[in-house]
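Notes follow the structure.
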Amino acid sequence: MIRTPALDLFPVLPELILAGAGILALLYQALAPRPKVEGHLALALAGLAAAAGASIALWDRTGDPTVLAGAIQADKFAVVARLVILAVAAVGLLYGAHYYDRSGDEARGEFYPLVLFATMGMTLITAAADLIVTFLALEILSLSLYVLTGLSRRGQATEASMKYFLLGAFSSAFFLYGVAMAYGATGTTRIPAVAHALAGQTGSQALALTAFGFLAIGFGFKVSAVPFHMWTPDVYQGAPTPVTAFMAAATKVAAFGALIRVLDVSFHPLAWSWEPVIWVVAALSVIVGSVLAIAQSDVKRMLAYSSVAHAGFILTGLTSSNQDGIRAALFYLIAYAVMTLGSFGVVMLVSARGEEQTSLASYAGLGRRQPLLAGLMALFLLSLAGIPPTAGFIAKVGVFGAAIRAGHWPLVLIGVLSSVVAAFFYLRVIVLMYMQEPAGEQLEDRAVLPRAALAIPAALTLVLGVFPQIVLGVLDKASVLRW
Amino acid sequence: MSAAGLSAPPDSFALVWLVPALPLAGAAINLFVGKRLGRWAGWLASALLAGSFVISLAILSHLLGLTADSRLFVQHLFDWVTVGSFRAAADLRIDPLSVTMILVVTGVGTLIHVYAIGYMDGDPRYGRFFAYLNLFAFFMLVLVLAENYLLLYVGWEGVGLCSYLLIGFWFERKSAADAAKKAFITTRVGDTAMMVGLALIVVHVGTLDFSSVLGSDAGLTKGAATAISLLLFAGAIGKSAQVPLHVWLPDAMEGPTPVSALIHAATMVTAGVYLVVRSHALFELSGTALTVVLVIGLVTAIYAATAALAQDDIKRVLAYSTVSQLGYMFVAAGMRAYAAAMFMLVAHAFYKALLFLGAGSVIHGMHDEQDMKEMGGLRRRMPLTATVMIVGALSLAGVIPLAGYFAKDTILEIASTSGRTLVYVLGTAGALLSAAYIGRLIFLTFFGEERSEHARAAHESPAIMTTPLLVLAAGAAVGGVLATGVEGKLPTFLEPVVGVFAEGGAGLAKGALVAIALVVTATGLLVTWFLYGSGRVDWLAVRVRVAPLHRFLQRAWYVDDAYAAVVGTPAKAAAAFTAYVVDARVVDGAVNGVGILVRRLANAGRRVQTGFVRNYALAFLLGAVAILLYVGVRF
Amino acid sequence: MSWITVTTFLPLVGVPVLLLGVRMRDDVARAIGLVVTLAVFIVSLGMLGRFDGSQAGFQLVEQATWVRSLGMQYLVGLDGVGLWMVLLTTFLFPLSVLASWKLEHNVRLFIAAMLVLETGVIGSFVALDLLLFFLFFEAILFPMYLIIGGWGGDRRVYAAVKFFLFTMAGSALLLVAILFLYFRSGSGGLTPTFDVRDLTAVAHALPATTARWLFLAFFVAFAVKVPIFPLHTWLPDAHTEAPTAGSVLLAGVLLKVGAFGLIRFNLALFPEASKYFATFVSVLAVIGIVYGAVVALIQTDLKRLVAYSSVSHLGFVVLGVFAFTTQGFTGGVLQMVNHGLSTGALFLLVGMVYERTHTRRLDEMGGLASVTPWLAGAFLFTAFASAGLPGLNNFVGEFLVVLGSFAANRWFGSIAAVAVVLAAIYLLWSYQRMAYGEVREEHRGLPDLSLREVAILAPILSLLLVFGVYPKLVTDRVELTTDTVLTAVSPDHPVESGPDPGTVAAGVAP
Amino acid sequence: MPLDNVVFWVFAPIAIASGIAMLVQRNAVHAALLLIVNFFCIAVFYLLLGAPFLFAVQIIVYAGAIMVLFLFVIMLLGVDRGDSLKERLVGQRPAAIALGIAFAFEVFFAVRAGVGFAAKAPAGFDAVNAGGNTRALAKVLFRDYFFPFEVTSVLLIIAAIAAMVLAQRKARAITQAEALAAAAASEGADPA
Amino acid sequence: MRTPIAYFLVVSGMLFAIGTVGVLVRRNALLIFMSIELQLNAVNLTLIAFSRMHNSLNGQVLAFFSMVVAAAEVVVGLAIIVSVYRRTASVNVDEARGLSG
């Protein structure tokens, strides 16, 4: 008989709830005579809410930080990351419900379970304490996203889906190779155990470093860091906008969550060796993302490049391998999630029925035509550009501060100068909205509900900008990785 | 303002602040409600200035009642600039020099105000004119009453402002607007040097108060004194239209004639002389500076006199004459004969104001014709004007016993007795030229045949204009009583300020000097009579025959043209180069260049994003290999 | 009462009302703007009353924890320089609102942008926490950008973007330096801080080379804003394209943030480096003075001309400040106020001219002195003030700067003085082309100043005169700040404060 | 030369060669077959390395199910005519090959530094595999890795959804590919 | 076993490299995908080799998980490729260039 260890499933309750909700959604779609959008939405949101509740309940959990035979890390970091992802998913679902309702695609019932499963993968990855769990979670979220990306009638979506899949699978192989190398180096894939082995010099340095390299490549792909970013613009542009919003915001949080664990736990003993890699990748991301965004004429594509740049900023924070860096990165991720959701939400509302109006030109005169949308968009763009008093400003100060504290001021210099370049293309949209006349007739989506949903990111953008301590106070605790 | 004044002893000195304040009030009133006052604006302005004159007289009498040594009073109005150790207050100074000046300014000024009531009658901006005139008087009085250089500078620039406003009073005419601008800017060149001079004073002495700077314990070195003096003198050159900054004054004749009389003859232009006299301690300490003053004055005196010879515009003759006469004052100052300079200043104020106002009367009568070629024989049409102008002319030419004679004769005498033979000779030559150009003016204007319709239709001016003329003529005639030679009344009065002139002994005998002066004057007048008054010479034909020379003189030795070529054109080109090449192309070009560069980079980067998924994978692998290479190096 | 906090954030009171009042009439929006800005002005006057000129250091300080995790505090306070900058700001804003009365489209948004801008600017002047300062400093950008780009001239977008990016690029380095200092202050087990007062000691203890690099980082940020040659090229475009209120505030207030930053941060934090770079900075300032004036000489666009004159005038400020003499410094500060008033007034007047003639090109104007004598008169008055005519405000400042810099370096002072001539040339030249000569046919019958315009001009022109005649209003309150800053720069600097009583006594001198 | 060495040196070249041959093979079906060969070689290595269970899984699942699915799709889509090997992207191929070689070398050096070519496998693996590899594996799997094991189920559900969603036709008729994909999904779950 | 573990690792690395090159040089989406499968198999070999080296079965378990993942991935991947083929009647990835720049 195989003796199974004591089951403490409490720490993975959120994932279990999500998986359950996903299966229920699937069943609803399959068994209900006429599955309704409202039904799906209610079910999915309830699942998210329950998962969130379960996560919050984990906040004060004491006891062994590593549970389930070393597979899961039950710390505050995971709680915060989960909550962010769940919130993003909720907004993403709201967007999606509206989007598929509007586009007249036969009710995409699969959207809801897929988002729930993807969310589960994302929350799981941030809590993973074993590299193989990380890998599995990574695959869960990736496979869901490949499908979600193709979840549209448009040819672009299919193309994006294929590109995403091929490159994603390619990068998965690298990631897995990294896991293998880590195993080879230390004889284990438990994230804390790897660290212990490396700190105790019992592992092989060479293999460990190689493992780090491969894992960094895999994560680099997921977080869209240069030069592993090239799928990003195509996929962001091709995917249905709600999926883009969800993917852009949540994947980044999830992937960075896992990356932070890997870097700051597993490979913490090798920090001196990996910091330069992150440094260079951060610099490249910031520069390439900012510069290439300038030449774009499609808003989604532009935001995709901007997301590359933001990945670079977060990495900038991570060059400091301590609590400062983690806290800064977490805050940045929260801020980024908020503003990305917000901006893609506006993009969705502007883009009319399908995705006809995602070109920059369709933003001309938006300030006149739809002052509310334009105002919100301006707010999100300013936040993305890092102008106070928005969340983006505090976020940038945080990551730059962390990097400077670690002595990486040249990187920060690159970062701030790239922000200036980046400001240019954010401003360009604002120029279009407020300083130019509308060009021709535009289709307009006047739905109220998604607009109301936008109030959440808008409010958060300001609140995080003016009273960041609310969140930072929480992050002070969450940025301590217990292992 | 008045608080400080009231705390002073209850005599007329305490009222000194009213001297500038009255015209200031007039300016304010006329500026804001002048239109409503109508003709009363002029009367109000004149009355207020007359009030100042009365107070000035009271102050004079009070001053005369004091012993020579105690003739100094400083009224503190308020602290103006106090920064660190540097302090400059709004203090007014009463001493013989400033009292002399305020008497001239308020006295002659009042007369000119009254004259202007008639002259400006019917002008649409009548009220504003008097506002400006009053404002001018205010600044001029501040200038001469100031107890420190900074306050003096306020007046100095203020009169420049008013000069600008008044020259450009008829701004619809482009020439007037141009002249106004030219006047302000040209004088500002000198003013700037003066400002640097003030800075230098502060650096060396720490204060700008006359009592400290000019006192014996200022502790200036000879070099510093030279630098300061020359910088101050540069200001004087600008304001008093000396070579090489004289070019603005002839053009300034675009202003209404009372303005020319008040500002460009009697008062403002003499501020330079006042400055030199006031600062004589510095100049004397330097020595070199005095020589410069002397040379500049001498050159100007002769140069301007030659130019005056060839002008056709009656006011331009007088303008060049003023420049020349101011040169004489600087010559005097340069010879340390400050009292002589001051006397010439006073006398000149009378006869030149008289000449200008007379010319104004002529112009008025000629329906705004200023060209002497169009005049002639006006003595019949406007006898009173002719009479007083001839008095003024004779005074200027230096005919005994008119005021002008004493003024000029004193200076030449000093030149001779102090052994400055060259100065004496050139000064005498200048006197000859003076007699000639003023004679030419008189003969062309008042004698001979009427040469135009206007001349034939000319008429005498109203009493409001002629009355001041008469007063001034009296002054020009008998002003000599103030000063006969170095021991006259005015020199004695000024002695506490400027000291006694104590050089001499050498040179020609008094009788010889008088004789030479008479001969010279007579020659000048006679020659011009022969040429222009006798009717025997076709002067227009002569002019054609000596055209190049005439042109040379008429254009005042082409100085203006030279300036335009040497300063104006290159400066404009340099400015254009800076703006359109340096600023737009280089500096801004660099800025936009960065923008373009980033954009190009972006477009190049876009091309990398080909859409080929295999390219993406290649980039991916490139990154992967690079990272692995790095970690490979690390182990 | 928390004077500073109230003054700083009072403007924001109007913003939600304006943004949410979708159906609001334009008049109501304007009225809200005017009432709020006037209220701010009145409150700020209270601040003037509470300020004690005889007390060194920062006053009316308010402190509160804010973003504990980042070490950022809400820390505000005033010294003499800040006080006048705040007053200048609160004074100019109501005038700018009034000047924008004729603005037509999207008035609500415009007024809201103005109010946000006001908070940003005041905040920059009062912040004593470096990061808080940076926050305000950056927060200024967007509203100003909107004002230029939304309501400006033909090339408004170019100008607005240029303004934004230029300033942001400058401040990029600033942020790096600020963070660097912050962490430096935490070395040795201390709690790191952004508190300027505490950082002063930290910064003074830095190695010379480090301090110099930091100085440069700060300097670039502020030099862009001032602007110091050759970082000025955003200014003419921004000024020219901005609507009247934008130009007024840009010239009157925003540029001062740069100069203020130099004083508050560069000099105070890095005295040694300031001294080290003094000649370099002064040379740039002198170049700016002459350069701005020379370029202004041949501008045909009235606004552009005034813009370049700003470059020249701000050069005076920098020159004075970096002379490290009491006179120069005080003159510089005085010039900050003066320039704000006189150039602000010039832009107001240019706006009024433009409203009538619909052109800014000098060659399309002429004869305005005949049709609109009061407008022309006001313009001339201001032009003379700007040209440094004694008795009006600029003179004293300029003279003190010349004096102060002259004491430090004869050449700088002298060259700066030369620019005074150039100022007279371009101002008079432009006035002549605008106001003198024959009236153009299409300009006959233009109305002279309206009551609203008189209400705008009367206060500001009066101040031009008041500060010219009685500059002590400003200088007395700046005196101790001057001493503090200069003592830091050169410890051997003689503390010169106050006239010794007695020497001023009126009466007959010996 | 011991047997395992012989086996290694026989199958290693075949594995490499079949891999390379796959790259240059124009016909997709042939390429798939070459891949099966390759997988078989790898399976043999598993046996050598003491993983008989995985040897079986490799052959059944990989070579059997997965590659058959590939072949099926190739034929279904009719893309077995063979495609041109001409490269249109400039520099793509040389760069790819160069980087590939560089990559292989990097791994080589990492292995040399991290493991060393002298190091033989430690003794005592039989003890690890005590009670049979499958049983030992199960012990580890269900004790240490039971949670990840459960997690894989989600993966499979997603695979099923993917098959349904992406391959569905408008009429929502279940196509062969869909059926196959679904079948493969359940097969993937089988070994568990 | 006498064969050094490193040999297996090197073979694995070479196979991975071959798979990588395959992704880069093949244009048929199916072949690219097959190359990726080759990469995954190479990794599995590495895992099992390390498992032998460490005398632990963890590596084998990891390889097992990897196979499950590979299976799921194949389903999704083939479904995507089929849907692309449906739309464009081609599995040539070079023809998928609707998104670029």
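In this document, chain identifiers A, B, C, D and E correspond to the written order of the chains, with residue numbering beginning at 1 in each.
To be clear about the criterion, a contact is a pair of C-beta atoms (placed from the backbone, for glycine too) under 8 Å apart; a residue touches a chain by one contact, two chains touch by 3 or more.
Computed from a prediction, not measured in an experiment: that's the story for all the values here.
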Note, CA centroid farthest from chain A's centroid sits on chain B
Compare the CA centroid of chain E with every other chain's and tell me the farthest one. B
Taking the mean of the C-alpha atoms as each chain's centre, how many Å separate chain A from chain D? 30
How far is the middle of chain C from the middle of chain E, if each middle is the mean of its Cα atoms, in Å? 65
Length of the line joining the C-alpha centres of chain B and chain C, rounded to whole Å: 36
Averaging over Cα atoms per chain, report the distance between chain A and chain B in Å. 78
Quick one: which residues in chain A touch 2 or more of the other chains? 132, 136, 139, 143, 146-147, 150, 161-163, 166, 170, 181, 184, 205-206, 209-210, 233-234, 295-296, 424
In chain E, the residues touching two or more other chains are 9, 16, 19-20, 23-25, 27, 32-33, 42, 49, 51, 53, 56, 58, 61, 65, 69, 72-73, 76, 80-81, 83, 93-94, 96, 98-101
I need the residues of chain D touching at least two other chains; which ones are they? 89, 92, 95-96, 99-100, 103, 106-107, 110, 113-115, 139, 144-145, 148, 152, 155, 158-159, 162, 165-166
Checked against the stated definition, the touching pairs are A-B, A-C, A-D, A-E, B-C, B-D, B-E, D-E
Hey, which residues of chain B end up touching chain C in the complex? 4, 7-8, 70, 72-76, 78-87, 89, 91, 125, 128, 150, 153-154, 156-158, 161, 164, 168, 171-172, 174, 176-178, 180-181, 184-185, 188-189, 191-193, 195-196, 198-200, 202-203, 211, 571-572, 574-576, 578-579, 583, 587-588, 590-591, 595
Can you list the residues on chain A that touch chain B in the complex? 162-163, 166-167, 170-171, 174, 205-206, 209-210, 212-214, 216-217, 220-221, 226-228, 230-231, 233-234, 273, 276-277, 288, 291-296, 421, 424
Within their complex, chain C touches chain B through residues 162, 165-166, 229-230, 232-234, 291, 294-295, 297-299, 325-327, 330-331, 367, 369-370, 373, 384, 389-391, 395-396, 399-400, 402-403, 406-407, 413-414, 417-418, 420-421, 424-425, 428-429, 432, 435-439, 469-472, 475-476, 479, 482, 494, 496-499, 504-509
List of chain C residues in touch with chain A within their complex: 19, 22, 66-70, 106, 131, 134-136, 138-139, 141-142, 145-146, 149-150, 156-157, 160-161, 164-165, 168-169, 172-173, 175-176, 179-180, 182-183
Sites on chain E touched by chain B in the complex: 20, 23-25, 27, 32, 93-94, 96-101
